Amino acid sequence: ERDKYENNDVAGVVTGLAWTQVGGDILFIESILSKGKGNLNITGNLGKVMKESATIAMEYIKANAETLNLDPSVFDKYNVHIHVPEGATPKDGPSAGITMLTSLVSLFTQKKVKKSIAMTGEITLRGKVLPVGGIKEKILAAKRARIKEIILCEDNKRDIEEIKEEYLKGLTFHYVKEMSEVINIAITDEKVKNAKEL
Amino acid sequence: ERDKYENNDVAGVVTGLAWTQVGGDILFIESILSKGKGNLNITGNLGKVMKESATIAMEYIKANAETLNLDPSVFDKYNVHIHVPEGATPKDGPSAGITMLTSLVSLFTQKKVKKSIAMTGEITLRGKVLPVGGIKEKILAAKRARIKEIILCEDNKRDIEEIKEEYLKGLTFHYVKEMSEVINIAITDEKVKNAKEL
Amino acid sequence: ERDKYENNDVAGVVTGLAWTQVGGDILFIESILSKGKGNLNITGNLGKVMKESATIAMEYIKANAETLNLDPSVFDKYNVHIHVPEGATPKDGPSAGITMLTSLVSLFTQKKVKKSIAMTGEITLRGKVLPVGGIKEKILAAKRARIKEIILCEDNKRDIEEIKEEYLKGLTFHYVKEMSEVINIAITDEKVKNAKEL
Amino acid sequence: ERDKYENNDVAGVVTGLAWTQVGGDILFIESILSKGKGNLNITGNLGKVMKESATIAMEYIKANAETLNLDPSVFDKYNVHIHVPEGATPKDGPSAGITMLTSLVSLFTQKKVKKSIAMTGEITLRGKVLPVGGIKEKILAAKRARIKEIILCEDNKRDIEEIKEEYLKGLTFHYVKEMSEVINIAITDEKVKNAKEL
Amino acid sequence: ERDKYENNDVAGVVTGLAWTQVGGDILFIESILSKGKGNLNITGNLGKVMKESATIAMEYIKANAETLNLDPSVFDKYNVHIHVPEGATPKDGPSAGITMLTSLVSLFTQKKVKKSIAMTGEITLRGKVLPVGGIKEKILAAKRARIKEIILCEDNKRDIEEIKEEYLKGLTFHYVKEMSEVINIAITDEKVKNAKEL
Amino acid sequence: ERDKYENNDVAGVVTGLAWTQVGGDILFIESILSKGKGNLNITGNLGKVMKESATIAMEYIKANAETLNLDPSVFDKYNVHIHVPEGATPKDGPSAGITMLTSLVSLFTQKKVKKSIAMTGEITLRGKVLPVGGIKEKILAAKRARIKEIILCEDNKRDIEEIKEEYLKGLTFHYVKEMSEVINIAITDEKVKNAKEL
């Protein structure tokens, strides 16, 4: 049985799209802050490349703190923990990059993620979004999970165009080239309830 | 020969349910505090995923210290050690998550865990409880061990409904979706004897 | 050729019972203090589980410093080194737990261990002693080594009852459930000669 | 489908040439600065030798800070992160050395890299550029990606001379022996837009 | 070709006896001090057990500094490096223990090691010397190398008694039980030339 | 194609002799200093034993700073990076020891290495030079590379005597027993151009 989209009440929780041996699925990226010294902790039975995505997202945010309207001193005063349920499933690959980025931006801004949105795409340090594989399976899983909007790399548009239109009904696609576009689309202006003062 | 439920006299000791190659069993999660600098030490011949559960439980508690009525300064003044007997048996998987969470909340509040209760369920950073496997075997083991109440994920209810009713006699089930529910059910208002002043 | 019991003149040296591929044997747990910052160093060609036992013993002592009448500041001012000769033999498993506990309590109290005593049993953080395997072989080895008293877990009593009585002649057994009982039995009130002032 | 040359708008982004199992390709070296204590972070699914190249480039720049007109105090005030997309592809070998060097010099000087240039060559601590393999495949990939100028080690000239002239049309080659020549050719005098004040 | 005994001019250089696949050989343990913070560095292509011997020797000396007439503050002001040539040969096992102990005592006292002496024996934290294997081969190698005196564990006497007397001609044996005896026999009262003031 | 001798203009660059699967070759040891805290960084796709040689050379220099006329405070104020091109070739073994020693002495004294010299030999902490293998192949490679003088261990003289005299024409051999001899022969009195003030 597959996961369902939940809600966007909690800062740092974002819905990603995964491509597994048994087909597509959604996954959740969760991140939280605790008082600390700037450590980054990553769990969820992740492989090296997926852990690197978390590091890249974090470093990108640090390097672009000003543009993102973040006070750089928060990075030294909190530890960040990123987790990807479900622990029993080994996970790897770069495709959760934009989901991790969105999770961390939501966390540091304490802003809500757009409702019913999911995403998949590799990130790079220079701010680009790169295409990823398994798009068809991921889209089918997104529909089953009641996702309404999907962010993909511009270069994945051709993969969508090869899918029968009936499968795409009810889905809105956002094609992006830059990580800043992902943030613009996915992060709302609304603070989460009980937003932390960082 | 199987373990038996013991008692709830000591802070940080909680009964979990395990699914092993030779069937279900109960296991104990133990945790203690010693003066220190906030290190987390984990023993018991555990695999990577089970160690990650301990980290997640700890980070969740740190991030929700206020809600849990904990003074965040304790996290820097004590080391936490979590142990899962028996050392000769390798253990892994995410299912001890809620048991570890309960152990740590009991430890930091110095409150008694509810009597004759056991539990099994994966935890996530955003506060959800996820379903786990081996429910039938775990329930049988709980009965043998004289457990009276069991906490499970709501999504594991279907597994209980497939068990013959006679096996369930004498057991009360608590189905939960959130980690806060686990804490509400499992942690009593009563301090343990000789409770530490943290 | 097998080891023989030696004596109890030195703080931190305790006789354990081991079960090896060539039958039972006694082994020595040795521990010493040197000025330092609280590091725990473990040698003797030990596997992961046996190293964990040393950590558990150390953490238990730290967490119960008051009960054990120890000034907690010593833990920060000394390094502890635990060694298990003989280096050429790989060793693993949890059964040296109570022996390591006794070694460390003797070390920090600078008190003599009871004469001609040996022991085997797993320890847990909550203060329990758990049963271990290979009891028959260990008892025979203890006799050969001229041990007079043996500490075992209460749950290992059944293993002793299956041994022919003639093999048990001259041996006194102490069956325990709690780590505090081990300490009461094994640690004397007498300081070692040239006891260190900690 | 292969990557295309992008642009030189961002400090620290440089185009390299790679030789993969499926032929030549271009790759991007990206590097960014974030406030920190001088740590060097390297991602991109890289093997040991490729990571060493990054270390060598960094140490060369530190040791030659004066010649490069860099204030040595910046090395202690920032963390450097070097990333090589795409994360799904394992990469190794020394041939990205001069590309990494150029990336870091651009980063620390906040100067633009020359437009439409790509490069491949091993670096050494004493400032030499060493020849690398796969030149023919790399050149074809560079053309496909619309590269106009290429920096190679002098010792790779013979590899170019063995390529049919028609394949080389539109490409300008710079043959170098020293790392200082690479910097002179590849780093322009123009600051990037929104150059950071280090 | 085999090594020859050299001399005792340098502090920290001691001759040990090794048992290799091609028979017995002598080996040298070398140790030096450099200004530092008390780190212990061990090289020579050594396995885990042989490295543990170095740790045990070092900890024993620290714990018995007073008895050895050493100012404990030196342990924090210098780094110790122990090396066992020849780097191309992997080495392991506990039998270099007393040789390492002697090397470190010579180093910290800056006293000469007795001339023409070699040794082999395991050490323990409680100050015992334990027997080791390969005695016959080691003795033959010692003679070839022009060693005159040999320190062995008392329990290795039986191995010597099984060697034909003609092979033992010219060799004096010291059988010891305690590490303090090794030091008494092997360390002279004479300072090395240009002894360091520690 | 083989490497050629270059020059002695740069501090810390020394020519060694290597014995590879495809015969002898020369190699370069390069080392540089950067402001730091005394870290030693080693790159070049080196195995454990070759890395140990670098450590031994460094520790020997630290321990003999006075004799070498070096101010010991430099060791804490700079990081040392040693690199052995070419990164694509895995390298191991102790035979680069005297080359690394010479490189570091040149680096810390900022003195030129003797012109047209190459060397091969293992080093030890007590200051000895030990013989190494592959001498014939190394000598032929040295000639091809236009080396004029070679430093070898005294014990390698016999290997030279077995080489046909015509192959040795134009080569001068220095046979040494001590590391101090290597330094005397290989390090000139002339400072390198633009010598750093340490």
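We call the chains A, B, C, D, E and F, going by the order they appear; numbering starts again at 1 in every chain.
In the analysis below, a residue touches a chain if its C-beta (ideal position, glycine included) is under 8 Å from a C-beta of that chain, and two chains touch if they have at least 3 such contacts.
Keep in mind that what you see is a predicted model, and the values were worked out from it rather than measured.
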Intersection of the contact lists for subunit B and subunit E: C
Shared interface numbering between subunit F and subunit E [over half = same, under half = different]: different
Distance between chain centroids, defined by C-alpha means - subunit C, subunit E (Å): 30
CA centroid of subunit C to CA centroid of subunit F, Å: 52
Junction residues of subunit E - those touching two or more other chains: none
Cyclic ordering of chains (reference subunit E, direction subunit F): E, F, D, A, B, C
Subunit D contact footprint on subunit F (complex, rising order): 10, 12-13, 28, 30-35, 41, 43-45, 79, 81-83, 85-88
Of all residues in subunit F, those that touch subunit E in their complex: 48-49, 52-53, 55-56, 59-60, 62-63, 72, 75, 93-94, 97, 122, 124-128, 130
